[in-house]
Structures are given as structure tokens and as C-alpha cells.
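Here it is, the structure, as C-alpha cells.
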Amino acid sequence: MGFAKVDHHRHIRQGLPEVIFCPGKTAEQIISIFDSQAKKGHNVLATRAEKEVYQALVDTGRYDKLKYYDLSKTILLEQEKPASSKTAIPIVTAGTADLPVATEAQATCEAMRQKTELIYDVGVAGLHRLFDKVKQLQSANVVVVVAGMEGALASVVGGLVSCPVVAVPTSVGYGANFGGIAALLTMLNSCAAGVTVVNIDNGFSAGVSASLINRKAEGK
Amino acid sequence: MGFAKVDHHRHIRQGLPEVIFCPGKTAEQIISIFDSQAKKGHNVLATRAEKEVYQALVDTGRYDKLKYYDLSKTILLEQEKPASSKTAIPIVTAGTADLPVATEAQATCEAMRQKTELIYDVGVAGLHRLFDKVKQLQSANVVVVVAGMEGALASVVGGLVSCPVVAVPTSVGYGANFGGIAALLTMLNSCAAGVTVVNIDNGFSAGVSASLINRKAEGK
Amino acid sequence: MGFAKVDHHRHIRQGLPEVIFCPGKTAEQIISIFDSQAKKGHNVLATRAEKEVYQALVDTGRYDKLKYYDLSKTILLEQEKPASSKTAIPIVTAGTADLPVATEAQATCEAMRQKTELIYDVGVAGLHRLFDKVKQLQSANVVVVVAGMEGALASVVGGLVSCPVVAVPTSVGYGANFGGIAALLTMLNSCAAGVTVVNIDNGFSAGVSASLINRKAEGK
Amino acid sequence: MGFAKVDHHRHIRQGLPEVIFCPGKTAEQIISIFDSQAKKGHNVLATRAEKEVYQALVDTGRYDKLKYYDLSKTILLEQEKPASSKTAIPIVTAGTADLPVATEAQATCEAMRQKTELIYDVGVAGLHRLFDKVKQLQSANVVVVVAGMEGALASVVGGLVSCPVVAVPTSVGYGANFGGIAALLTMLNSCAAGVTVVNIDNGFSAGVSASLINRKAEGK
Amino acid sequence: MGFAKVDHHRHIRQGLPEVIFCPGKTAEQIISIFDSQAKKGHNVLATRAEKEVYQALVDTGRYDKLKYYDLSKTILLEQEKPASSKTAIPIVTAGTADLPVATEAQATCEAMRQKTELIYDVGVAGLHRLFDKVKQLQSANVVVVVAGMEGALASVVGGLVSCPVVAVPTSVGYGANFGGIAALLTMLNSCAAGVTVVNIDNGFSAGVSASLINRKAEGK
Amino acid sequence: MGFAKVDHHRHIRQGLPEVIFCPGKTAEQIISIFDSQAKKGHNVLATRAEKEVYQALVDTGRYDKLKYYDLSKTILLEQEKPASSKTAIPIVTAGTADLPVATEAQATCEAMRQKTELIYDVGVAGLHRLFDKVKQLQSANVVVVVAGMEGALASVVGGLVSCPVVAVPTSVGYGANFGGIAALLTMLNSCAAGVTVVNIDNGFSAGVSASLINRKAEGK
Amino acid sequence: MGFAKVDHHRHIRQGLPEVIFCPGKTAEQIISIFDSQAKKGHNVLATRAEKEVYQALVDTGRYDKLKYYDLSKTILLEQEKPASSKTAIPIVTAGTADLPVATEAQATCEAMRQKTELIYDVGVAGLHRLFDKVKQLQSANVVVVVAGMEGALASVVGGLVSCPVVAVPTSVGYGANFGGIAALLTMLNSCAAGVTVVNIDNGFSAGVSASLINRKAEGK
Amino acid sequence: MGFAKVDHHRHIRQGLPEVIFCPGKTAEQIISIFDSQAKKGHNVLATRAEKEVYQALVDTGRYDKLKYYDLSKTILLEQEKPASSKTAIPIVTAGTADLPVATEAQATCEAMRQKTELIYDVGVAGLHRLFDKVKQLQSANVVVVVAGMEGALASVVGGLVSCPVVAVPTSVGYGANFGGIAALLTMLNSCAAGVTVVNIDNGFSAGVSASLINRKAEGK
């Protein structure tokens, strides 16, 4: 592959899937990298991939376990056994607009063979919907909270559970949200202990961190 | 008063008290301004006044209806009839650290002859305490929410009531709260409709706005 | 509606219209949500909707009380009785460039059944035009001021009236206005008491807040 | 003067006074520089000078035409003929808190032998006071506007006159005024043509610019 | 003209041309406004106008004194006598990339009937080219300096002349220039006295201010 | 305790110690709160407490298991059994200047009965020192990295381990580190997966999060 | 060339190539400038040039020593003898995404007749790859480090070598990297002495500085 | 030394002096570290050291080659042979206010045994003074430019020389210079090629980088 070495920016320590960050790469480049990664036998995750890329991969006929997450534009090749964690990781989000980031986190967890449970439409302006889910949240080993606009959901969830919370600010919103900075600051300033934060819109990073915690909690 | 005209920066339309913003003025200047304002017969409010200034005013022997709010350092001279609104304005705050700003709002409401009710220690990380107060909040004409750190309380309260909410971000917090900007952004980005915002730590402005609304709601 | 739950981010407490925030949704999704919302019998408001979406709704033949606000791209379905407030809410704006935000506020007020009066072309660099309107402003229960560039209009209006002022900074301007931040800061720092602020370009939020105040003032 | 060359940072082209920027210099250093500057026979201006420095200069007995501006902490040694411009430069300011900056501008104008007229207490929340001064403003060659908080005064004045306006934002205010940035942005975004801006609190620079314009207008 | 009142945002005090700020307006709207403005008999200036708009105006056949400035996209209708000032206003710029802003300033000056002289390619990294022009600069009543990147040119020019300098930061540059903020800050912090600043890329405002000064200097 | 309710801002879900955030409270207030918290029988943690406060607590004679962390100014009352986790939590820091924050994290972990191991003086400019510790790091369940200046240490550690990393930016540094923002951004942008971030200087929050993860990993 | 003088913004002192910064210029303009520059007999460098421009230059048939760097979009005309430095300048970069900037630096060095060696895929999350290159780095006279995301690579390299390091932050990354500011701040705050920084994405500037240093080190 | 390991944050690769960054350390700690560093026989540099610390070191009687730089508060123990470079490094600065940073750079160069030449009072508003020094600058291997306020000096010097320029922004200035950010941005955006930048006020880092370059240029 003369044109480019495999992107190791988000590379892979033991137990992580092979990962390809697609923006800025041509379909040909992505497929070429994908092929070389797939040979290693691990799960392969391609993030922020346009649907055409997914289709092109399908059209190669080389992969029959390909999965595409429309909202987050994630491609997952599951070559390892499917998600087998005992406990699911709740991924909580306030609005449908946060779903792309939430499903990137979900796909990442699945690539790391962790079960997930997507809980959405539970914003702080309608708390009763969140309260219906309290039990699920309180039995988890780790919770991922994805929220844009004012990001207050992370604090509220953090106040309800006693496990670690991984918070993902999203760039959803307008006016003075500054592409997610408002939510980022809210989460960093959370008055609920046990909340840690990843970068804006970085569902991948939240998925990795939550999976690592869930694995540890299940003794792996 | 050769040395300085009365500070009209935060001056006075009909129905407002006379107001003196004290920082940067000497005790002598404040007292001199206070005297001239008091003569008009209205309530007089001096904000951010050190206790020594209050004591000096007491020592003049000229005022026997002086009140000092320790936390917010506000002096109130009540020359008009006391707060007579039918409905109290709830002033809600998350932590004790927000009390200085909350009580500045409270003093301002009282100077405008509005009753208030201070509800504190109801942060979003312990929502059950807030829920005990829902009835009071829902019967109000307007609610003031004072919150630092991540400022999420405004959204949560906004989701519980159907009256206007005036939100005051405070500079309480540390690290990336940037002197209140984190809370300010949170409140501006609130996903709860009906929330408007005043400047960081500006309890006075919140008190004026809430009082004007409460008056209108009581037909004045 | 498998593809998406209704967006509750800007949802609805009693007395508010059903609201759909359109950006990021396909025409099909918007219509589907619109249909389900309309069934509840309340007014339905769709903000930031392209004209094609409005046309598609018209073409369904299901709605004959649809109204489209060109400038703000707002769709309003009036299923309740029309605006019936006794007092109109003045919506004041400096330049024609601020009209999209001003009319979003206007549509929102109407969806909440409040009468409005749009006063524009009254920038601070030509104050005589504003002064022609002083009477109207002084008889209101609440005034909405929409201003970009330097946002000074909120302070000037605030100095003329004794009712609450809801200020909306807009992203109109260029150079160091930073997408509305200049106007936002101006309004937060207003030296006129009684001014509260909503997020940049958020005519919807201003409309809700002003409507809630006007209702309270009319004893509802 | 081994310890330090004369500060030329704000130095001197023809027609300007000798200038000493005092912060960070000891009284001894300032006096020594002052002495060497005074020998040239021009006016000497020392900005941001503590009163002790002024007193020490008086105590030398070497200067009998020393003037001290308390509010701005400016020392002026008038060795040239006094201000002799035909037209006075109006220096307009909203509140007493802006006076230190306004008087620095005033002292600078006087050092450049320009007459000035200080107009204060004319904030935008009380426009009638400004309107009383319109005639004076409209007969000027240049107007200096000094304003903190939201800085709207520059736009309003700019809308009333047809001469150039030099605007000085001040760091007066609190909360999200960010040490004068709110006022700075307001002024840069002024919708009134003919307004130019100097740095925050920089009365000296405004004074120089206004004096240069006034001189040109009087044919010098 | 039902669709829109004439834009008064950058409106017109005596001696200024009629001005139309074009962005966000359709060609039809611009022509309609242009027609109504032209009737008053003054010069008409349309800024940031696409060439098609100019062509459409030409095609109306109504105007034979139309001029189009390609770089700045400014339309000028000269109905008054042409620029007749005795002294030209030098407009100095560092690189060709700053020419669009410089020519907007130039067009504005001409609309105000002031002669100009464009001096470009005199950046601080090649000072000899600037020094060739020193005489021209020193005989001016006011100098406009337009500079992007680091904006140092304003200080250098300010150090060479004894008249007022109006500095315009431009958004030219890349990396951490932040759309002109680097140049803006440089100019605000200029160590050369007599420099005032307008907003980023605002050649129009610089042109107005410089013209007002030049007029005053020529006794008008 | 009339003067103040106990500060619940950083309050306590099951398994957390009682916590008192001391800044802004008088010694009397802290002791009074401390007494009431201690009665519950749990560990009590007082953060950012001046040594005088610790001494005053000792002087009451009521507590014999008090511990004071000089660098972080943390008081710990250990009423529960001492740290009993099987695995220690490595707390890694680059320089001695980061120790105050690191030891706040350490005290918090101990208050939550987790063993810790402080590894310091392992900055990225001297990587050999870090590499001596790789084994310890790789056998941990979670690692805390505390780093100021450019904060690169979190990425480097994240690249060496396969467990979650909790990163704490500190305000150590000068020039353009902006009170820790440089380190915060570095950590949020870490190219090593599995790194999550808490607020600047917030050792307490890092300690809580790391303890929760370690507990989960040990099956509690 | 009436339409534009040659762009001297990034002009040329002795020993530098002729340089054309292409953005904002038409192909015709670039070719015309290129022709005039090429006549001087030096190397000519055109940065940020679209491939069509390169092709158009080839199609003129006037130049047979043209080279195009695809990733950085740089055109180099080598009219002088090829790179002849004894020592190569290592240009180190973390990921493939940084290659455009790295190759702009490389092309610039070559235009200044310095040999280079591109070392990539050596991010701090996989340090073993960097360590394979330590010898090469330690024998250099100067090292260029190009890094986006968190930019930590500059510190790590700075800790391994004893020659000057020129660091280039890139705008690679997402979320709170703010178009390269995160990397810029990291590099400015580097704890490794000997690191200096150029502007975001400015491979050209890094190439010039490194070439100047390498030349000096080789006694030229 | 139980209390603290030696600060390695700014530690030492071959050829650098031992360095102690003093802020935040007690006099006792500094002396203890100093003693241990001095034993190694190299030069020792203590930056930002109060004069009392220097005096205490003198009073130990252990060091007779101690030197104190008053302005920058730097202590230098010269145990190696004195500065022996053939070429001096010019350290250029605009005003006396920049001298503390300039002399920190100077002391660092001397600790690295490089000769220096301090050229000050050559700001861009008085270029003739700079031009007197052009010869000295043009014969150097590297030039250090230290400038606050608008930082334009780096560009001007960069345009005059053909060697690398290391630029140090300083926090000198007021208003919108933001603690040196204005100068930092100016320097990063310099239109003169060959300029690289270190952190605000970081004379130490500039001294190290310049010394490394000078050494290389002299073949070491």
C-alpha cells in the first residue's frame, strides 16, 4: 500500500478492534486499509464512513458480516464472536439529534464485544421519562451519557447512579453553544462526582472507555 | 456633591428603588449619595456594600429602617410599605455558595416590594430535594434560578413549571468554569422553553426582572 | 414511527404549542411528526422549515389552516382559536436583517395565541424612528427586542419602558461580531434594569418567554 | 541614566507631548525620566502615576506648573502655552465609573493644547440627558465617547453627529463583560458610520487621536 | 416597496451617500432599493454586491454614471460632482490579498467625494517599499491602513506620520489569525499613538471615518 | 446549624465519603459541618482546607484519626476500615508542581478505601523514567494521570496500558497555558483511546471516578 | 501585469526561493506571476495550488523541471542545483492526516536545497515506532515535528534530541481541537526546552526556518 | 531530599545547564535543590527567583560565582568556562518593559555559554533606532526578538535578516492584549519567513533554542 500507511492514530492495543477513521480518505484507500486490517481476524470498525463506502465494501463480496449504522455512519465487520458481556452498557441521550454520536458509541462497544442498551428521549426538561429508566441505570457497571445543547443530562444521571459515568458532549444546538463547547463545559463542571468526559462528538472514545470499564467489572 | 454625580448607570424608572452600586466608591461618597437618594422618599438599595459602610450609615443615626444582607452585602432602606405582593417569588439555588447572588436578588425584590421565598440546596445531583418543592414552584408567577458550576438547575426547573424562569449564572466553581461562563452557556442553551438569562452574578438584574413580571401578573 | 421518536427537546408544557425543530430532519420525517402532533388538537409550530416542507404539507390536503412565515421559515398550524390576548407584544428590531429572528418570535407568540406588533427599522443610529413608537412600547406588558451588530437597542428600549424586556441577540453583522456574541455580550451587560436575554437567534425562546409573561399579566 | 532608557513605547512625533507610562517604574525612575523630558521644553505627561509620585515631583521644587488628575492618575506639566484650540473636544461618558478613562483622555488633549468639555452621566438608559447636549456635540470637530458595560453610547452618539467619533471601551462592568471586551465588541460593531475605536481603557490614545483630528480641522 | 423597508443599518447622516449593504438581499430587492435611493439625487453606494447585480443595474438603462469596483464588489452611482477634496487620502495596504477591503474604503471615500491614493505592496517584511512613500504619507490629513496577517503595518505607518491613522484589520491569513482577530488585536495594541481601529474587513467604515476627518481638515 | 445547610454540591451517593469543599467557608462553619458529617460514621473528606482548619479540628480533641495532606490541603477522617482494595490505583504525574492535585486524588481514593501508588517525575521530556514504571501501570485496573503544561503525559500513558485512564489537567504552567486549558484540550484530543477527562485541577473528581472503576473491577 | 503586483507577503530575502501563495488567485494570475518569477533563475515555489494549476503550467511547455506534491498541493520549479545539504532534515509526523502539512515543509526545504527525510506514523500512542528512529533524529541539526490532535509529539521528540525542534501544529482532529489551537497550545507549553512553534498548518514557515538553521549548521 | 524530587519539568539534555523553576517553591527547597544540582559541576540556572533567595544562596558561603539578574530575577552559577561563542546572539526588544523577559533569555544563553548582545528601545514606532543596528543583526546566526503590545517587531526584524528569528511575545501591555495573546498571535501570523515563536514571557525557552542554533552554526 504505497499511498498511505494504515492510520494508527486511533490504533489498537490488545482487545481493541482495528479502527479506520474515514474522513479525508478516498473509498479506494479505505477499502485497501480495510482489507489489510480484516486479515488479522479481529473486528474492524470504520468510523464516519459514507454509505457509498459501505456499499463498495459489500460489493467486493469479501465480507458477509458487515453492519452499517446509518445515523453514525459506522461500518462494523464482526469477525469475532458477538457481544458477550453479561451486563449491557446503557447509552443515554436526550434527543434524537444526539443519536449519531450515541450510535457511534454503540457500534464501538459492540466492536469490543460489549452489549449496549440505547435509552433516548430522556432530556432534563422531561425528567419523568428518565425516571422510568432508573433501575436499568442503577444496575449498570458504567453509563454513557450523550448530550448536546446544555449537557445537563450528565449531572442528572450522575446523581442517580453509583457507577462511573462517561459523558460525551455533542455539537447539537445553535446560538451560543459554540459547536458543543457549552455542553463540554457543563459536563466538566458537573456537580455529580464520578463523571468523566471525552471530546465533543467523540462517540468512539466513549465507547472504548466504557467497554474497558465494563470488561474490568466483569473480571476480564 | 461636587465630587461625583449620582451613579445613574443602573438608574431608575418608575417603580424601581433608588440604587447605588458601591464598588469603587468610598464610604463617604456612598453615604453622601445615599442621603440624597433617601430624601426622595423611595426605598434605597446599595449593592455590594462592605459591612463598614452599613455600619457607618447606621452610625449617622439618620436611618432606622436599614437592613443588611450579609451574604450579598446589600443595604436596603425600606421607606415605602413592606413587600406586599400576593404571590412570593421563589428564588431557587443549588448550593450555599450561590447564596450571595441569590440574596442580592432577594433584597432587590424586597426593595421593589415583592415577597420572596428562598429555596436552596436543591442541586441536580440530588433531585429529590427539588421535587419536594414542585408545588411551590408551580404556583408562582415567575421563578428565579441561581446556579453556578454547570448551571443545569435552570433547565430542570424550566421543565417543571409553566411560568417564566429568570436564570442567573454564578461564578461559583473552579477549573473550566471560567468565572461563570460555563453556567451562562448552559442556561442560554437550555432545552426548556421559557428560560431567560441575566449576566453572571447579577442578582440585582434578576430581582428587577422578576419583580416587574410579578407585578404585571398581579395586575400592576 | 420507527425511525425516530418525536423530538421532545423543545417540548411542551401545558399551554405551549406542539413544536418541531426541523433542521437535520427529512421532509418525510417532519410530515410524519407533524401528523402525529396535529392529532392532539393543539397549534403546531415547525421552526426553521424550508419552503418545500411547507409545500409538501399543503399538498397532503390534510391541513387548511397552515401559515408560512417566509423570513423565519416557520410553519404554523392554527387549530386553536386565533391570538386573543388583549395586549399585543411589541417585537422591536433594528434592521431588516433581523427580521427572520423577529418573525420566528412573532410566529411563536401567535402559536401561543398572543397578539404581536412588529416594529422595525428603529436602530440606535436613527433614534427618532424609535421615539415615534414610545407610546406603544410603554403600554405593553412585555417587549421583545431583536438586534444584531452591536445590540444596543435592548438597552435603549429598556431605558424607555417599565415592563420586562426579552432581548434576542442575532448573528447579523460581520467582522468581530463573532456570530452574534458581540450582541449577546452587549445585552447581558445592559445598563438598563429589567432586560433578560435568550440565546443567539433564538426567536422561538423569546416568543415563548414573552408569551408566558403576557399571559400572566392578563391573569391567565 | 544607566538603569533605563526613556520609555519610547508611546513616544513622540512632532506636536505630541513627552509621555511617561508609569506602571512598573519606581518613583525615582519616573522622576529621573521626567527631569530629562522636561528639559526639552515641551509639555510632559505621566500616565497612571500614583499620587505619591506627583507629590514627590512637587517636592523637588523644580516644577510649578504641575497638574494632577486624581481620577485618571495623570500628571501634566504644562510648559507650553495652555490649550488654545478654538473648538473644544467633547468627551462623553455614561457613568462616573468611566471618569478615570475619560479624564486620561482629557489630560492628554490638554497636553496637546486642545480644549475639552467633559459631558458625563448621559447613559443610554436615560437618553434625555444626552439629548440636552446634542447641540454641543453637533458643533464639534470630533467627539470622544468613553463607555463601559455594554458600550452602546458610541452608536447613539454616532447617530447624532456628523463628525468623527473616537470610542474608548472601558473595563467597567462585571459578569460577562470580560474586562471591557463586551464594550469593545459593541463599539467595533457599531451600526453608526464614522466611529473608530481604541484599546480598552486607553484614554491616552483616544486623546491623541482626537487632538490630531481637531488640529487638522482647525488647519494646523 | 412592501417586501422590505430600505436598510437603514448603515444609514445616512448629512453628507454621507445613500448606502445599501447587499448580502442577504435578492437582485430585485437591491435594484428596487437602489432606484428609490437614487431619486434623492445623492451618490449611491452598494457594498458587497455581486457583479450580476451591477450588470442588472446597467441593463435597466436608468443609470449612466455607474462604477463597479471588482475587487471589493462595490457599486457606486456618482450623481454628485466627483471627488473634489484638495488632499488625497492615502489607503495603504500590505498585500494584494488586502485589496478588496482597501478598495471598499476607496469607493466609500469617492462616494463621499474625497480623492484617494492606493498604496499597496508595502508590507513590513519589505520596509524599503514603504519608505519610498513616506513623503506622500506625511503630507496627508489622514491615512487609512488596511492589513491582515499580523497587522503590524498600522504601527509602522503610525510611527512615520503625524496625522490620524484609521486602521482596518482584514481576515487575510490562515492558522491562528482567527478570521482577522490577530490583526485586530495588533492594531488595538499599537504602540504608535494616533491609531484608531474599525471592525475586521470593514473598508466602508474606514472610508467614512477618513472622509469625515479629511473634510474637517479642509474646513468643511 | 442555622447559618448554612451542609454543602451538598459534591454530595454523596452510597459508598462515597462525606465531603466538604472548604473555600469560602469560615473555620467555624467547616468544623460545625465536619462534626455533623462525622456523626454518620463514614469517612469524612474536607478538600482545599487551610492547615489552620486542620489544626482547629485536632484541637477539638474529638478526632484521633485525622490525616492532613499538606500539598493538596485535604483533611481525611478515616472512620471506616482503611484502604483495602487488592489493586492499587497508580496516580501518575509529570512534575512536582502537579503534586497538590495528585495528592487530592490520592486522598479521595483513600477516603473511598482504595489503595494508591503515587508515581511522579515521569514527564514526557524524560520518557525513560516513565518506562521504568510500565509494569506497574499495565497491571492496574485504572490509571490516573495528572499533568499540567502541555498535558501530553495522558496520551503517552494511554498508549502503554489497556485499562481506562482518567486524566486531570492542572493549571501548572505559564504563558499561553490559560490556567490549564492547554492541558485540558490536549487531553480531550488525546489520540490514545480509553482516556477520559475531568475538570482542571479536580483531583477529587478523578479520585472518585478511579475509585468507582477500581471497585467495579474488584467485583464490588 | 496590470491586474496584480507579485504577492510579496511571503517574500524573499537572499537564499529563499520565489514564493507564490495561490489561494484567492486565478490560474491565469498564478501562471503570469510564475512566469515573471521564474525568469529570475531561482527556484520557484507555489503553495496551496490546485492540481489544475500545475497541469496548466505543464501545458505551457515552458517548464520541464516542475514537481507537484499531491498531498500539500505544492508546485516546485527547481532551476537551481538540487538539494545538496550534507545532513537531511527529519520531518516527523504522527499520522497520515498530517502529511499535507509535512510535505509542504518538505517541498519548502527542497526549494531551499536542503535534503529531508519524512518520518511518519510515529504518534505518541505507539512510541516504539518513534524509538526506532531515535538515531536518525539525534544526528540531525534540526528536526521538524508536524502534529495535530493533541500535538504531544513535539514534546516527546524534544526530549530525545539536543538540536532545535521546529513544531507545526495542524488542524487535524475534531471536537475541541478548535482547528489546531489545541495542538498549538500544547506545543507552546511544551516542557521540552528547544522547541519553537510556527502557525497552524504552516508547513512553509517551518520549512524555511528549518532550512535556515540547517544552512547555518553547515556553515553557510 | 524527602520533600521533593528535583523539578525535571524543564530538565536537561546534554549541554544544557541544570535548571530550577522557582515559583511555588520555598527558599529552603530551592537551596536544597540548588546544592544538589551544583554538585554535578555544570552551570546552574534558577529562574523567577526572588532576590531573597539569591541572598540566601550568597549567605551560605558555598558559591562565589553567583550572578543575579535583577530584572528577570534569574540566578546563574557559572561553574563552567564563561560564554565562549564566537558570535553573539542579539536579543532585541522594543521597550524597557520587555527587559525582564529579555534578560531571562540573556541569562539562559550565558548559562549555555553563548555570548549575547542586548539591543533595546527599538520599537516599530521609531524605526530609525532599529535601523542603526541592522549590521549587527545581519551578521548574527540567530536573533531573539522580545516584544509585547502588538509584537510587530518580530516581523520587521524578520524582514531585515536572513538567519532564523526566535520570537518571544510578552505580557506587556493593557486592554485587549490579553496577557500577551495579542503579541503571540501577531508573531504566529508574521509575514516574514523564518520566524518561530515560544510561549508568552518564556525567555528561558527562547534562550535555549537560540543557544542550540548558535552552537550548531559554530559547528558544535
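Every chain is named by a letter (A, B, C, D, E, F, G and H) in the order it is written, and numbering of its residues begins at 1.
Definition applied: a residue touches a chain if its C-beta (ideal position, glycine included) is under 8 Å from a C-beta of that chain, and two chains touch if they have at least 3 such contacts.
Note that the structure is a prediction, hence the values are computed from the model and not measured.
Student: Nearest 5 degrees is plenty: how much rotation brings the CA atoms of chain A onto those of chain G?
Tutor: 90
Student: Determine, among E-H, D-E or F-G, the equivalent of interface A-F; equivalence here requires over half of the contact pairs to be the same by residue number.
Tutor: Of the listed pairs E-H, D-E or F-G, the one copying the A-F interface is D-E.
Student: Quick check: how many Å separate the C-alpha centres of chain A and chain B?
Tutor: 43
Student: Just curious, how far off is chain D from chain B if you go by their C-alpha centres, in Å?
Tutor: The computed centroid separation for chain B versus chain D comes out at 36 Å.
Student: So what's the Cα centroid distance for chain B and chain C, whole Å?
Tutor: 27
Student: Can you list every residue of chain D that touches 2 or more other chains, as numbers and ranges?
Tutor: 9, 94-95, 123, 125-126, 149, 159, 175-177, 181, 184, 188-189, 191, 193, 199-200
Student: Help me check something: in the complex, which residues belonging to chain F touch chain A?
Tutor: Checking each residue of chain F against chain A gives 9-10, 13-16, 19, 141-142, 159, 161-164, 166, 184, 188-189, 191, 193-200, 204-206, 208-209, 212-213, 216-217, 219.
Student: Mind pulling up the chain F residues that touch chain G in the complex?
Tutor: 94-95, 123-127, 149-152, 155-156, 158-160, 173, 175-178, 181-183, 185-193
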